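Each structure below appears as structure tokens.
Next come two complexes built around subunit A: one with subunit B, the other with subunit C.
== the complex of A and B ==
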């Protein structure tokens, strides 16, 4: 009863705060403004004469000259089809303006253009659906690649193909979801304010005299922030869904997992920090490290799927590929790590030294944290070791 | 009612309380008196269940404060600084804290605001309140759930005389009705309000008793105010074993008639005056502690 009253109180304080209102409005405008800006930017860059970025639909330019494939290609949003004469087709291919030229029943790929691999991948898929059409495949191998580079090039192209698979036009819209990190940072800021201000203004002393455990006091703040964040993300995702930027509402899952991870880390840092100044510094460092970890783990998807599960950012890809078992598996580590952060923060918040001091140093805290989360650490370590063998194998393949 | 049993509290290498033991009776107003850094605030924070003792126990009606969180419902705590949320109004704040104790009746809040003289400001935000008003509001907050035990840490510290007087009147209102622990280093306040006082020095209780009794004890030792020429080191050295307190050349000493006649015959020129005094609680405080540091 008292716990729910505390959550309501914290929520009321958040919604009454001018800081929150101001940040919310700013955030809303930034999110709304960034969508058209993002589109304009990618359209300019995707002009065939300019650098081509795989950022939206029609990003694979192909030249077609009287081919039975033409009408099929024109229906595929991924292809930008140029109807040309045979001579023009070869010219475009040589100038690397198009990544392949389809002439009659022949396809000639520009192997120096990474998009050729994307085109190859999609064309193969299309041809499987159209068994009546027979096509010969050719590679435009001019200029000649030195023999010793061929193996490395093949491997690189294989990885480019996998990257391309990830970056299909529908999925690229999810990059706009990154702007929703703004909401997470705002929520984190609120949490720091709620936890650290109790120390700075010494209002926490009163809370500790209440017939409620300190852990519940902290959780009431976390729940209030999670509620605010959920409302924000739901609002933004719904807006993006209505605007057609997101096709699957399941994409909220990785966002929630990432935000829960960030909130839990913020919670831990806020409990440990003595002041706003210290919390600000510690949170900046923590976020940099966390993002380095999330991004590096998600890029493992390109090399090997084995470690990609460590980052919820990889989940978007899995969701789109319909790997629901993979999603459940991948959601688990970050969720468990978040729970561990919250659990340790709750334990620390109940200890006198984290409010009244003297606080143990960060290095002396590590054994305590490990002891409290022993089972979880062992499980995560085992999974990492198990997967790192496969990752090492995949990496060695790429390097060699 | 409240038993503090062999409580030790350390902060890193610093021992704030060293085997502290006090027994406070029901309905008593107990003053915890001591110099700065003696461990008064630490002691009452432990009684409130805010701080955990390194060793020892705190029992309220034989139930451990740290094993029965519900005991906290019986305690009202007023910290040294009001430490109130500043965004809500006075009414909202009291109602919120009342609700956490399961007692958020608007009538109770209204009555408390009237009691502390803040009813006319009930819809004002706390951030607009002066220090005195905040202290009165904090007093109301400590009373919002009508606790049996009231623990007050320096309630008049930093207040103007008029507001301090009001706060002392509030405390008097609850005398005998509630068990009160008053932590102060204002001796007059302790003398005026407390049934018993405990002198705390360097984390230990050095003396406990009723103010009157303690003063009488000192009086029986024949306390004299001796004003001397303090440039005479031999005289000062001779007086040192008898000194209770010293302020420049004014010494409060415990002397026998033989001591006085001996001193007067030997140092007639050096002793400017000598007279009996009625000891105050401050003298008792200095007698048993190391004085205000």
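== the complex of A and C ==
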């Protein structure tokens, strides 16, 4: 009873805050604005030859003087085209303002300008025309290409395919997942506030005098945030479903797993941190490391599908392929790690030193954490060992 | 003088915070990661497109010259280890493929060389991979140089909101200083710190990638950009009641800025992309020669934005309802 009261009280605190309403409204508009912009990326991916980074607009300055090639260049946003006379063109080239000068059908490059190489790279591709010649082909198979080169090519092609699959998926737009992460970050911001503010305002001591265990106090905060997050995500998903951007609810599983991981990590960091400032820094570092891991782990998928269990982000592809048993199995590690974070946070929250100090160093905390999460660690270890055969097989394939 | 005293005190406060120093160290990790990302991207592109050794016998000198330009192949004088053997005789092309997986690439290489013969191509000195050059100049270098600006906004915002929370802002207002002077005194140490980081990253980047130009002008532009971003941070933190609120505003502001910078505009509005601070950094750092007309708009736009945001910040700071907690 006291527990549900605590949850309601925390929820009231969250919803009462005018700033929450403010950030919620901003979030809504940001999400609405981002979706059409991501569509531009999808369009670009349909024709990879046309990929121009948004920051590459007008990156290559080119001078053009009465050239039939001018209209081709002007269509490409990467070129900054200066229409000049012959004399002006050479002057701009000498002053290194442009990296190449096109006069008629002659292209003169600024020899030592590194951008000239970029200009040549794009021009060679752009000026290519439909073939007018016939080629006589003969096949004489021989093992002339080094295995290393073939393997690198295969890996790179798989990486491109994987990205394209995720971006162009009909069931779920991968970029939509990223947009929804916005809601998760805001929810974790609320959780930091709920946990750390008790320390900063020194109201934690009063909480400890209540007839409810500290673990339940922390869980009430987590449940309140999870409720807010669930409401937000349900709202966004329903909106996206109505807009035809999400067709399978199962494809939302990676999002829920990632959000559980982020929330549990935030919970652990907030319990450990002494102040807002420290929590802010620790969370930034943790997120950078977590995302570096999630993204790099999802690129392991390129090496082998057996490695997909390392990151919930790779689950999107498994779901796409209908490997439902594999999905449940692959979802397990990140779920267990999240449970471990929550479990440790609850245990730490019950200890006096996290309110009154002196707080133990991070390294002294490790044996405590390992002791408390022995069972969970064993479960995670079992999953990893179970996977190790396929992982070893995949890695040996790569090495060989 | 009073401004400098305040700036000196703020500077000491910032350096005494272990968290900020660790944030600076975190950036090294991010910067190195970003550069590796650029190399990885360029390597992927190279791995996909590289065909390998090609042997060519051609009576058309122009065709041979065009093939020599193509980065996807390496012309060899011995056909034994070649992926394809191309023979061009009196306008007919015959190709012997030794690996069928590269047939489409070889066909594209031949077509490109053949159709691009209509244009006379000048010489370009060989060097770094063009994809790597482009991604470094247009994305990664601006990102690295904007990092200290984003990180420092947090420091500045913390400094103002902490004053409000500790109720020392009102004491600061009782000092015979104008509100504008207080803002400047708060901003100066953060600018100095951010500049030190910018200079350190420029030094580090110059070692990895030696094509960074107009460094003094680039630093001047970054100072103008900092003036805009930092004045905005002052305005946000003056409006915010607590550190949490100010962090929330900053996160939303930075998100909006990041999306505006990195999300492509529709083709008709692509010129807007040039107005982002990244556009200015790209123009200044990647061009060997510069035209005043290209550079000036960036300074005018960001100079005006800085003045406007500074005026807003000082106006907000002079209103009691914003400076009192709650």
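Quick note on the criterion: the second predicted complex is superposed on the first by the 248 of 400 C-alpha atoms of A that agree within 3 Å, B and C clash if a C-alpha of one lies under 4 Å from a C-alpha of the other, contacts with A are read in each partner's own complex, and residues count from 1 in each chain.
Criterion: a contact is a pair of C-beta atoms (placed from the backbone, for glycine too) under 8 Å apart; a residue touches a chain by one contact, two chains touch by 3 or more.
It should be emphasised that the depicted structure is a prediction, and the values quoted were computed from it without experimental measurement.
Using the contact criterion defined above for the overlaid structures, shared-chain residue A:136 touches subunit C, although it does not reach subunit B.
With both structures placed on the common chain, the touch criterion links A:276 to subunit C but leaves subunit B unconnected. In the superposition on chain A, A:69 contacts subunit C only, with no contact to subunit B. In the superposition on chain A, contact is made by A:16 with subunit B only, not with subunit C. Contacts of A:213 after superposition on the shared chain: subunit B is touched, whereas subunit C is not. Once the two structures are overlaid, the count of subunit A residues touched is higher for C than for its counterpart among subunit B and subunit C. Once chain A of one complex is fitted onto chain A of the other, the partner contacts of A:358 are limited to subunit B, with no touch recorded for subunit C.
Shared contact residues of subunit A, touching subunit B in one structure and subunit C in the other, are absent.
Of all residues in subunit B, those touching subunit A in their complex are 11-12, 45, 48-52, 69-73, 75, 77, 79, 81, 83-85, 87-88, 96-97, 99-102, 141.
Of all residues in subunit C, only 17, 19, 22-23, 26, 29-30, 33, 43-45, 47-48, 50, 52-53, 69-71, 81-83, 91-103, 107, 110-112, 114-116, 118-128, 130-131, 133-135, 137-139, 142, 154, 158, 211, 243-245, 247-248, 251-252, 255-256, 259, 261-267, 270-271, 273-274, 276, 278-279, 282-283, 286-291 touch subunit A in the complex they form. Every residue of subunit A that touches subunit B in the complex is listed here, in rising order: 1-2, 5-6, 9, 13, 16-17, 201-203, 205-206, 208-213, 352-353, 356-358. Listed in rising order, the residues of subunit A touching subunit C in the complex are 19, 23, 26, 30, 33-34, 37-38, 40-41, 44, 52-59, 61, 69, 77, 92, 95-98, 100, 105-118, 120-121, 124-125, 127-142, 144-146, 149-150, 152-153, 155-157, 159-160, 182, 185-186, 189, 192-193, 197, 276-278, 280-281, 284-285, 288, 292.
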